[in-house]
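Labels run A, B and C following the written order; every chain starts at residue 1.
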Amino acid sequence: MPRPPSPSIPEKEFLFNSLKESLRLDGRQSLEMRDPVFTFGPDLGWVECALGKTRVLAQLDGKMVKPTPERPLEGIITINSEISPMASSDYEPGRPSDEEVTMTRMLDKVLRRSDAIDKESLCILAGQRVWHLRLTIHCLADAGNLLDCACLAGIVAFRHYRRPEVEVVGEEVIIHHPSERAPVPLSMHHTPFCFTFAYFPDPNTPPILDPSHLEQRLSAGLISIALNAQKELCVIQKAGGVPLSQEQVLGAIDIAVGKAVELDRIVTQRLEEDWKGRKVEIR
Amino acid sequence: MSETFILPGESVPAQHVNLKLGPGLLQYATVDQESRVASTKAGELHHSANNSRWWIEGNSKRYIPAPQESVVGVVTARSGEGWRVDIGSAHPAYLDGLAFEGATKRNKPNLKVGSLLYARVSLAHKDMEPELECFDAQTHKAEGFGELKGGFLVRCSLKMCRLLLSPNHFLLPLLGSRFTLEVATGLNGRVWVTAKEAKHVIAVARCIEAVDPDGGGMDESGVKQFLGTLDR
Amino acid sequence: MSSRVEILNDGGYRSDGRRQYELRDITIDLSPRGTADGSAMITHGLTEVMVDVFGPREAKLRGQTLHDRALLTVEVGIVPFSTGERRKRNRGDKRILELAATIKQTFEPIVQTNLYPRSEISIFVSVLQQDGGLLPASINATTLALLTAGIPMTDYVTAITCGVHSTAPLLDLTTLEENDLPHLTVASLPRTFKVTLVAMETRLHVERVSECMKIAGEAGKVLHQEMKRAVEARTKRLVQAMDMAPRIGGVGGGVDRDVDMDEDNQT
């Protein structure tokens, strides 16, 4: 199966030259993100996130299980993500590609290992019953920067999800249907966001935030930074690519700090709007 | 000219002594050796004034090569005496090293992998690889075909590139009135654009994307307004 | 951080008796093994990694060849007895795949792959023991193995982990420390002092990062000296062996015997 051809020489030259003048093909500034568009589904924890034409669907559901013997007081979170050729013809079915490995690991680090969700709050009855949250990431279309989009969709799904209220009477667990008692949001420590910067071979070209597909293909290195609005870094991932000076890395982190605050505001606002619209039907 | 919307599998009342079928139509014989025509894709059914030519106009993204169509392709590899060119079809097309104006065995153009080409499909058969040529087969003159240097490649839907080729469409004249530009439109959904300044090329690319019926579907006044926001 | 073991005591010593910025013992063994074109074994304290490099050679999978540069492939194997709890990781494990992908991406811009179009350079990383700093040890060993294979690179790549205990940065963490501290892996190029890899996976405040990176950069320079010394010693012996070769009668024999002495010369 032949791989899709790499971008042609004129495309490459044009992109490099216009980036040198800080012009991007979609008219953005070099450090401007595409505005995220969230579509919330009928169920809680069903979020479609779109950055331009990149689209990712995140779906979160919870069920009760017996906890693992090693951690009887903690809930379980599993993340399923797979990049199928549906997202872009760059991906092949079967063996996981480098991109897929990076994305799976990054999602794991950003959403699970950064302690964004208070796992202990997912415990219902110690050693007996805990919540098992299962997040499924479906990559619908890749038009560049799939990673940030997937992380964003995932974290928003966690924020959007509400689990049914449960009550423990002795050894018995009573689950209240959402129509009886309002479901409760997950208890979260913080909300990490991921930002990817692309660097180019020419040292005079400024780095760009949120690369498009072509920009990503032609970039000489990516750095992904995940952090929350409280200025706490969760993940930095720069594997290979052009070597950067320490100042460049720190500069990128500084920019990400500002963007995280901005994005946090947007996400919170959108979630509030959605929740207001929902209250009517739940009663 | 009448326009009717048609779905795949419908029968088409195309009857003519000198019948010519365009894309999306299939001729078949019934059991009693009667010739019928059926549609194979969805779209608008068109026919010429004298009912001899019939075709379906729809929109799609995947290009199916047809002879004599101009396409923009990317060289993906050298292969024997010629090159393998990606034209967005299911199979890579083959471009012979001698299919250029003035090319001889000794003197062939030097195309690198990744070069862009404007070429014409010379052979398109469902069981064979498509073949390209970069000259007019009768006159052996380049006629504008050949390597495209500089500029930028814009990808759009197949309907959009047909619209761009139509002399009645507003977009290219409108853009041309604002600044000088050079465009090579391939029927395979690829448009090569060059202009003096990078921002002009970007403007063209964004306009094509905005007007594309597959995406924004912006109309003329919309584009004028849009160009205003692009500030030039 | 709620740890049972004291990470850094009041006297400024760590759990294994090191100071804050003290690195663990490093031993480098560059003797050839088997049919590999280049190989290196490095230990950082108890972490031990062996790397074999083959190539440039014809690609095993012809479909993957790149027309303008060499293809780098990295395979990582972690032996089941390398950790305290014996556990077999299969090759499809995402963590192993990530490690391999990270090594590959780190070396792609450093190795001058454009000199060998349509060929393949394969790197096999075997982790024999792990006690923290797996990624940096693998990267350092890969640098050395590529060097011994004679593959042109633009620079050394030296990697180190740096953790933060409340506000005090610590270098070269052990597993014990890695489990408890937020830490950062930095791979730097000693010549330009630029970083090619930064990886961090635990929460850390933005302000701590710059300090960590600076210290990790300094540590990279120290590592570079150490690695350079090992490579130079090996080259010197090789040159001596080549001078001697005509008298001994066979180049191969001369080289083999000489490099066997590696350990003795170094310690």
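Assume contacts are C-beta pairs under 8 Å (C-beta built on N, C-alpha and C of every residue); 3 or more make two chains touch, one makes a residue touch a chain.
Fair warning: this is a prediction, and the values are worked out from it, not measured in the lab.
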item	value
Chains touching both subunit B and subunit C, listed by label	A
Centroid-based (C-alpha) most distant chain relative to subunit C	B
Innermost chain by mean C-alpha position	A
Subunit B and subunit C: spacing of chain centres that average the CA atoms, whole Å	52
Between subunit A and subunit B, centroid-to-centroid distance (C-alpha), Å	38
Mean-CA-position distance for subunit C and subunit A (Å)	31
Of all residues in subunit A, the ones touching two or more other chains	2
Touching residues on subunit A, where the partner in the complex is subunit C	2, 96, 98, 101-102, 104-105, 108-109, 113-115, 220-221, 223, 227, 231-246, 249-250, 253-254, 257
List of subunit C residues in touch with subunit A within their complex	63, 92, 94-95, 97-98, 101-102, 104-109, 184, 189, 192-207, 209-210, 213-214, 217
Residues of subunit B that touch subunit A when the two form their complex	74-76, 86, 92, 112, 114-116, 148-153, 192, 198-199, 201-202, 205-206, 230
Residue ranges of subunit A in contact with subunit B within the complex	2, 5-15, 17-18, 21, 23-27
